[in-house]
Each structure stands twice: as C-alpha cells, then as structure tokens.
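Should a chain be cited, it is by its letter among A, B, C and D, assigned in written order, with residues numbered from 1 in that chain.
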Amino acid sequence: MPLSLAVLGAGRIGKVHADAIAATPGARLVAVADAFEASANALAEAHGARVSTIDEILAASDVDAVAICTPTDTHADLIERFARAGKPIFCEKPIDLSLERVRQCLSVVDETATPLMIGFNRRFDPHFAALKRAIDEGRVGSVEQVVLTSRDPGLPHLDYLPRSGGLFRDMTIHDFDMARFLLGEEIESVVATASVMVDPKVGELGDVDTATILMRTPSGRQAVIINSRRATYGYDQRIEVHGSGGMVSAENQHEASVTIATGDGYTRPPLQNFFMTRYAAAYRAEIGAFLKALSEGIAMSPSGDDGLAALALAEAATRSVAEKRPIDPRSMGKGA
Amino acid sequence: MPLSLAVLGAGRIGKVHADAIAATPGARLVAVADAFEASANALAEAHGARVSTIDEILAASDVDAVAICTPTDTHADLIERFARAGKPIFCEKPIDLSLERVRQCLSVVDETATPLMIGFNRRFDPHFAALKRAIDEGRVGSVEQVVLTSRDPGLPHLDYLPRSGGLFRDMTIHDFDMARFLLGEEIESVVATASVMVDPKVGELGDVDTATILMRTPSGRQAVIINSRRATYGYDQRIEVHGSGGMVSAENQHEASVTIATGDGYTRPPLQNFFMTRYAAAYRAEIGAFLKALSEGIAMSPSGDDGLAALALAEAATRSVAEKRPIDPRSMGKGA
Amino acid sequence: MPLSLAVLGAGRIGKVHADAIAATPGARLVAVADAFEASANALAEAHGARVSTIDEILAASDVDAVAICTPTDTHADLIERFARAGKPIFCEKPIDLSLERVRQCLSVVDETATPLMIGFNRRFDPHFAALKRAIDEGRVGSVEQVVLTSRDPGLPHLDYLPRSGGLFRDMTIHDFDMARFLLGEEIESVVATASVMVDPKVGELGDVDTATILMRTPSGRQAVIINSRRATYGYDQRIEVHGSGGMVSAENQHEASVTIATGDGYTRPPLQNFFMTRYAAAYRAEIGAFLKALSEGIAMSPSGDDGLAALALAEAATRSVAEKRPIDPRSMGKGA
Amino acid sequence: MPLSLAVLGAGRIGKVHADAIAATPGARLVAVADAFEASANALAEAHGARVSTIDEILAASDVDAVAICTPTDTHADLIERFARAGKPIFCEKPIDLSLERVRQCLSVVDETATPLMIGFNRRFDPHFAALKRAIDEGRVGSVEQVVLTSRDPGLPHLDYLPRSGGLFRDMTIHDFDMARFLLGEEIESVVATASVMVDPKVGELGDVDTATILMRTPSGRQAVIINSRRATYGYDQRIEVHGSGGMVSAENQHEASVTIATGDGYTRPPLQNFFMTRYAAAYRAEIGAFLKALSEGIAMSPSGDDGLAALALAEAATRSVAEKRPIDPRSMGKGA
C-alpha cells in the first residue's frame, strides 16, 4: 500500500516537496491545499492530485501524512491541528519564530505522540551526509572543531526581512542545526558578532547581513559559523570538521566541472547559485527519509526538539550580539 | 498538445529513456514494447502506459515518435520500418555494427525524410556541454589538440563481448563521436595501438581491452583517446581541449565532494562507478533535446550521419591495429 | 658595498636566517654569536664568518645590522643594547612575553630611531603574499571577513610550554599578526574559547591546545582563527578572505603534487609537516625585505608596533578565556 | 674530502648547475670555463672559483669531475676528451643530435669506463620522483598506459630552431626519456603526428610546433606524449600513469596556491612560466644525485645509454612523421 500525502502550501518549497513525493516509489501525492487557488490547481494538476481545503485534508481518510510548506506564521497552528487529527507531519523549518510558541506546539505533538519531522534539508545533502558518515565511522576520531561556511548569493527581498526573524533565525538556523548534528554534544555557549556590510537598508530594518558565531560544548568542542548574505561567486556551503584523528571537509558545488586555462589563470565556473539547485538532491533524500521513517514506524529525525534547539541557538546568538557576551542557549526563553 | 512516445525495449537503457520522457513536461509515454512481457508490463505500469507490439506501435495514430532501445542487431530494421511509417526516431547507438548496413538504413531514413537522432549521450553531459560551449564561445581560440580519457570501471560480461563488435565499436565509439564533435573538422587519419591487459579471456575472444588511438584532421588538428576496460577508481571520463588561446578541461565526478585528511594523506572518494549514474543528467538532457527538436521541427543532432561517421572511425581503428598503420576512415567500407 | 650582518643565536632559526643572508646578493654574514661555542663555530664556518661575542658585535665597525635569533627572554635586552649602539635590528618574534617590557623596549627603539623589523615570517610567504596582493589590488573589494586556519602537526616539547607564554602568545601570535595585516583596521574586540583536547598534560601545565578566536573591528569587519596543536595530516596553514566583491584564499602545501587513485579513492600526500619546510621561501623573502629596507632606508615592516599589537591581541585572548567575555585589546597592559 | 668540480659553459644552465654545486655540502666549485671571458669571470667570482681553459681543467689534479653545459655541438667532443682524461662527467642533454656520433662517443666512455650522467632533469623533479616512487612501491600495480603532457609556454627564438634538431630532438626528448623511465620496458613502436599551428615560420624552417606521439612496448604497454610549443597558461608539465591497480598523476605547479572567487568564477594563477623556475628543485636534486653516485662509486643514472635511447625515439618520431607509419626505434641509425 503506497503512502498517500497531502502538501499544504503550493509555493516554491511546496512544489519541491510535491515533486519529490511524486517521484518516490511507494508514495503518492493525493491532495494539495493553498490559499491561492491557481497555485493549488497547477500543482495538483501536475501530479494528478486533488485540490482540497485544510479542513478537508484534516478529515480525509485517504491522507496518511502531510507536508507543511505554508508561511512560517501558520506552522505551529497547523502542526497542532494535524497532530490532534492523528496525521504524521513533515514541516518546513522553523516551527515558529517564538521559542515559547514552539514549546507549546511541541507539547501537543508529544501528547498526541504524532510523528513530526522538521525540514532541515542540509542533513540530507549527499556531500554533508558523506561527511557525517565519515565522522560516525570514526575516520577522523573524536570531533574537536567544526567550521561551517554558509553564505547566500544575495539578500532576500527586503520586504521579507521584517518577518524573517532576523539573520540568525532565518538563515543561520540551518547552520545551528548542522553544528548540533556534527558536534554530537549540546552547545553550552554562543557568542556572536554581526554587522551590516551588504546593504545599509538591512540595518535600517533592524537586521544584520554578516555574522560570525562561535560556540562551545561542555567538553570543550568548538564550532564556528561564517555567515553572509552576499557571495558574488555563488551559494557558498562548506563544512570542515577536525577530529583527534584527522579532518573531513565537504566542498562546494560548481555550476559545472570544467576549467578554462588562459594567460589569466585557471578558472572554474561560479558555484551553483540557488539553494534549490544546490540542495535538489537533499530535498529528495529528505522526503525519502520522512517516508521511510513513516513506513517503518521509526523515530523522526530531525525531530521537533531539533527544531527547538536550533531556534534556541538563534535566540542566544541574537542576545549575544545585543549584550556583547557569550550566552547559554539552554537558558533561552526560560526567563533567564 | 504533448508529444506521445513509445519506447521499444524495456531493458536498462529503455527504462532510463522512459523515465526521462515521463519526467519531461510536454511529453508522455503512451506505449512500451518488449519481447519479454514482464519487462514491458513493469515499465508500462510505472508510467501509466500500455504494452504494445511493434506492429501496433507502427500503426498507432497516437504515437508521435519512438525511442529504440532494443538490442543492437534490431536497430537498423526498426529504424527502416518506423521511417517508412513516418514516425520520428530516437535510436540508441550504434545503428548497426556493419557500415554497409548502416548506409542502407540511412538511405531509407533519407528517402523518407524521417527525423532521426542517435543516442550519443555524452554530448549532453552538462560538464562536456559546458566544455563545448567554452570552445564555441572562442574562450580557448582555435582547437588544436583534444585528449579524451575514457576508462570503464571493469569488463562487461564476457559473453557479451563476441556480439559487442569489439572495443572500438562498442566503447570507443562514444569517444570517436566526442572527438568529431570537438575537433570541428573531419578526421583523415586514425592510428591505434591495442593490447589485452585486463583479462587474457578478452584476447581469446578476439578482442582487446586497452587501447590508445591517435587521430588527425586535414588542417593538422590532433586528437588522442586513452581507453581501458579497467579503472579501479571508478568510471574515468575526462576531456581536455587545447586551443590557440588556452585549454578547457572537463573533470571527473566523484561519489561525493568530500575529503578526509589523515596521516595517510588527503583522500577523496572514488569516481561514480556506473555509467548510468555518471550520465544520469546527460540522458535526461538527451531526451529533452530530441523532444525539443521534434516539437520545433529543427534538425536532429547527433544525426544518423554522425552515427555512421563514428562507426567508420571504429572500423579504421580496428584495421589500424590489424595492419599496424594509419588508416583514413573516409575510405572505410568503400572497398578500400 | 654589500651589507654585513651578524647573527645572534646559532640555533635552528638562527641557521635559517644565516643561510638566507649568505644566499642574498648584496649581503654577507660576517659574525655569529652563541652561548654554545660549538653551535657558533659550526654556523660561522659554514659561511666563512667569524665567531664573536655580543660585546664584540656591538662594537664592530664592520657589522651593519644584526639578526636576533636568541631565546625570547633575551630579545628585549638585546634590542635595547643594539638600538643604543645604533645598529639596525631584525628580531625574531616575540619581542617579549610582557606587554610592559615590550613598551619599554620600543621606547628605546623610538628614542634612538633604530630601524627594527619583527620576524612575522608569514607575511612573506609567497602564497599569503599573493593573497594580500589580490586584496590590495581590489580584486575582492572591501574586506569583510577573514578566516585563518592554523594548526600545528603536533605539540612542542612539553618542557617548552611553561616558558612559551601559552598558546596565544606562542602560536596564535602569528595569526593575530596576519589578522591585523589582512583586516586593514585595528581590532576592537577579541573573544576566545580554548580547550585541552590533545594532551591532558598541557592542561596540567596551565596551557590549552585547541582554540577558536573571534575578533571584530570598529567598522564591523570580522576575523576568526582556528588553532590546534594537532593536525595528523601535516602543518595546516590556510587563509580565506571575504570581501564585498569576492573571496581570495591561500591553500595548503602538500609534500608533493601527486595523486594516487585506487578503489580506496583519490589520495594526495599529507601536508608539508614542518614549519621550516613550509615557510622556507617566506624566511628567505623576509630577510630579503629587511635587507632591502635597510639599503633603501625605508620604514621597516612588520615594525615593533606590529609586534606590540599582536602581543596585545594575545593578552586579550588570554583574558577572554579567563573571564568568558570579549576583551578590547587596546586596553591591554594599561591597568584596564 | 669534498668533491671539487669544474663547470664548462657559464651560460644559463651552467649557472644553474654551478649554483647547485656550490650549495651542496661535500662539493665545491673550483673552476669555470667559457668562451666568453665575462661570463666565466662572473660565475667564477660568485662562487670563489677560478677561471680556466678546457685544457687546464683537463690537466687539473684538483678537479674531480666536470659538468658540461656548453652548446650541444661541443658535447660529444668534450665527453670524449674528459673520458680520456679519466674525469667523471655530468653532461647536459643531448650528447649530440646525430645517433652515429652519440654511439662513437659512448664507445669512448665505455672503453675508458668513465662515469657519465646525462642531464634529464625531470627524473629528479620532486613531483615526478614521487610519482615514480608510487609506481616502484607497487601502489598502482603493473604499468599499462602512460600519458605525458608537455607544453612550452612559447616558441624559442626562431634563430635557435635550425640548430635545435627539431621538436622531437629538442623538446620531446625529455618526454621520451620520461616515457622510458616510467614504462619500465623498451619501446618497440613509435608513431607520431605533427603540425605547424603556433607560427607558420616554424614550418618554413622545416620544423613543427604541435605533436602527438604514440608508443608501445613488446608486452603491450602504451604511452602517449602531447606536445606543443605554446601554452598561454604557463609551462604545462604533467604525467599520468595507469596501472593494473590504479592511477598515479603528477600535477602542474601554479605561480601561487591562491584562488580568487568572484562572479566570473574561481580563478587560480597561471602555471610557473619558465622551465628554470618549474624545475629549480629538480636541477638541485640532479646535481645531488650526480655527486652522490660519484662519491659512492655507484652507477650513473640516467646514463649515456639513456641519452642514446631517448635520441633514437626522437629519430623514430621524426621518421614516422615523414613516412606516416609506425617506426621501431631500435632500428634507428642502423641503416634500417
């Protein structure tokens, strides 16, 4: 029996997940919901699915699970409603921009014992996954230092920024998740420095565009994130992990594996410039992992708690910039 | 109106093309034919197509074009039949192992003015295509020397070898096509050296497994192909083109873009080990080009004549090894 | 007239500079001093120089300048004595481990207007110099983020550690200098995290072996240093600079430019494992720059103030670890 | 007792070897001879040697060995004279442009049992030496195919060409030596194609500037050389060896190990552009090997016979181009 899924939100990322579901043997897309009828129609038609309302999908006996790809401010409500309806959930990150709201939401998930997976797609990138496998196989010994370079090709639309939650919650949150994923230990201290270097309008909107974040764990493991909203040479996504026995790194993806050599030097093309191109394989593998966990009844990973922990790191970094001191992310949102 | 296609041959490569057709907007797979009913059923079912006989497809008014993916010795007959039925054809390489038979077949294609594209997939590899684009844009000046490295991970099944036509017709034919594609001029001389170094059984079957081929054009351009049926480190597929203004090269594809550094050195994973993985994007782009040419009514490329020319080079290389001298491929199959 | 130099200290680094002086056209080594007579004799003989005492060199009319390569705790005294004797000075880093002592010493240098160059050899590494040149030529725009990776192959002798001044003053001081050199702006904030991960004995000696340091400048430029006293794969020395227009990086030096590809993957040799091998060209260029500045009468760079500023950063990092907060290096040693 | 050497010929390459001798512990340069007094004086003075005539050096009891760095047409005569004088000889390649003359000369060397080493410097390049070591250690199994890429940055002075012996004897001879060195088996067949693509004046002088050469050994091993007198991107010197167990390659040397990434892509500097820069370490190691063989009394390598064999390959390639057929180099100069 194939698993039947509904996709909520037929925008850019909804389309990515719908395509991935449709291409996965053992899964089919049966319903699509979106506030914009045209978007819902187009996506549904492309995959032979029906257009439904949220209420219809909540009640549909032929929908085994849902993928939430709607705007961030609807995530927590939808998770709670589908959890109460007993439907397993894949939800795009973040659950919410408020730690308090995330905690409420996850308590509903816990009470209802609903399988919930959060869309930290980078864990499923084949290159980062190969790096993680090398660590897990002990090929570099015990992890000591992690360096994450994560630079967007350019700023998002400026009118998006005010509702993004800021650089740390919007962009760095992926790097926070990867830092946790790779360090293998919770983080006890976050200190960040941040600037406006790409566009002064970012500063006028109360945000930053360039940041470096330093973290440590109780046993002394260290991680650093290098972030910018600008990279003229493409979407810069690298990881380097130093262990007691060696180093493992995952390199960037260029537009093509060609080199042109002339009197000006040896030139390779810029990096793949768009996160959906760079992480196309990751998105497919992510949905595959969700469907596999669903059909095998095993625990979802990354979990709701992973989503919470990454958000707490973003909160800590935000506060560190404001207060110019290291912050313990475990104290976040707890009246600390 | 989407284009409706039938796939003849539901084996490994038929499946690749069927999947590519199904995934292409504006195209759909309507029929599958295969001598083995189970194969035809499985492939048809996967894409909601019907199982048909060759005769039914020849007569089907809803089949706009066919993709011939059957064994080599059926290609020429099928091309002729579908040409006479007025259906455009995509055919896997080679058209036939006999130059004479290919010439006959292409005369039918010509008479009937049937669009025919030959499956030289490498032209559509994104890396090789980027290399070709660099040449066409004049970034390395006028082409002077071409170096093609093409090494299979291992021998095919030995029982396949006797009907393969030999190394040059079976494996090097792709490199011959790429040499022609990149030199931008016909080849006037082929000299080859070949050995049995991988497995003596190859020699017992009258074939070779290791070869180096040297070619030149009338204006003095040079090309060399380095072939082997063995590469312990994966499927080695590289091209290097030297021009008057510089060099452009297309590098190999590793299993993942990671490096592990220890006291033993810096290690990257082996190459993607299977031609279908290595050329997955090429196969998709190839079918896309066929469908595009079909819908826009433009000339097919690579054409039947490209298939003929590559086979003539394989013939010339075969004769060069036997006669230990350079051979003019233009004299092949013409009683020379 | 060639410049005549004396080398004080005939140990490992003294030998490096003596060889560089001897190999430089327009310079000659005339005298060598060392507390160990055998060392002085060997080095003097190798270059046809005489063995002298410090006092003799101070008084020697045929010694145009000196290179101080003695143990750290003698540097400041020697600088003062030779400054008062009117002899230009090249001195190995650091001037002293105490900021106060460095300030005293530099005041003597200032009063006597003695040319003084500090041995921050990395500025002269051809790869780092090419990186700096790219920045100065504006090829990456305005500098925004600097990432320095600096990892030693292994711990120094443990009995050296107590007089090393600790990781930041002994090893990171080079990276602090490079950060200043590349940021093009003074640093206003240093925050560091440090651990003992290589050998618990390091901790017992009150030192650390693994550290990450985060810095920022008044305009918001950011720099991060990743340090370890262990790198199984060799001496890891890399720099990456992000600017408004792009990135420039300087990569590591392997033992040889070869790759072996087998079923285990593609393997390059480990890195050059010893700082004297890795920076052999840098040491030669450094002495060349000293001699050039001397003969042309231009300002020495890196200067005594550069030595002071790097030490202040080391002090700030040391205090940041102790106090778990960012420290302004400009307040160091000033009763702050 | 240090070895005392004389250098004959104080030109560019004579200076290289003189510097290498002077820098080698256990060796000293005692005499320099050159038809141009100023050249001889300058080189002698730089190293504290005396200026001598050839006759004086032949008779000098304090000259243990000579390095012949004079023009090619004097090599054979000088070798014979010094052989008869009982002085061991290092001689720049080639011994002579005539196979017959080389054979005569080597018979004198044999009769007098004079140690003779020929200056095929590339064998001593640290990268190529590491590649050879990997082969000798069995890391790629039995050698099957060798690919040598050897491209000069530009044409030599056109007035040099007529006395160069032509591309194969002048430039390819190094690659022929490397092919022999790496194949580990004599070559039985050479076939070459050559063109004039860089400058038509080269053709007017009866020479070629672009060539590809294919060779094989009796056991079926294959080698290919890709030559050009033009490489806009620098001095292109690469080797790739395929064996039964894997591949080993030696890569090019760039001007610096830096990369600049912008919207135009990732750019590394061109290659080191001059053979003396590229092979600086090789020249030093070469003289070191000569001195070591001399002091230890072991056989010289590469030997006079290696010089002869490389020249025979050049002859065979020359004839192959003229006769458009494979040539057996073992038949060269023997009235074949």
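One rule holds for everything that comes next: a residue touches a chain if its C-beta (ideal position, glycine included) is under 8 Å from a C-beta of that chain, and two chains touch if they have at least 3 such contacts.
Please read all numbers here as calculations on a predicted model, not as lab measurements.
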Chain at maximum distance from chain A, centres defined as averaged CA atoms: D
Interface with more contacting C-beta pairs, comparing B-C to C-D: C-D
Centre-to-centre distance between chain D and chain C (centres being mean Cα positions), rounded to whole Å: 40
Computed distance of Cα centres, chain C from chain B, in Å: 58
For chain B, residues contacting two or more additional chains: 232-233, 245-247, 261-263, 269
Residue ranges of chain B touching chain A (in the complex, touch as defined): 23, 126-127, 129-131, 134, 139-140, 245-253, 255-263, 269
For the chain B and chain C complex, residues of the former touching the latter: 232-233, 254, 261-270
Contacting residues of chain C [partner chain A, same complex]: 144-145, 147, 149, 151, 189, 191, 193, 195-198, 210-212, 214, 216, 219-224, 226, 228, 230-233, 236, 242, 244-247, 324-326
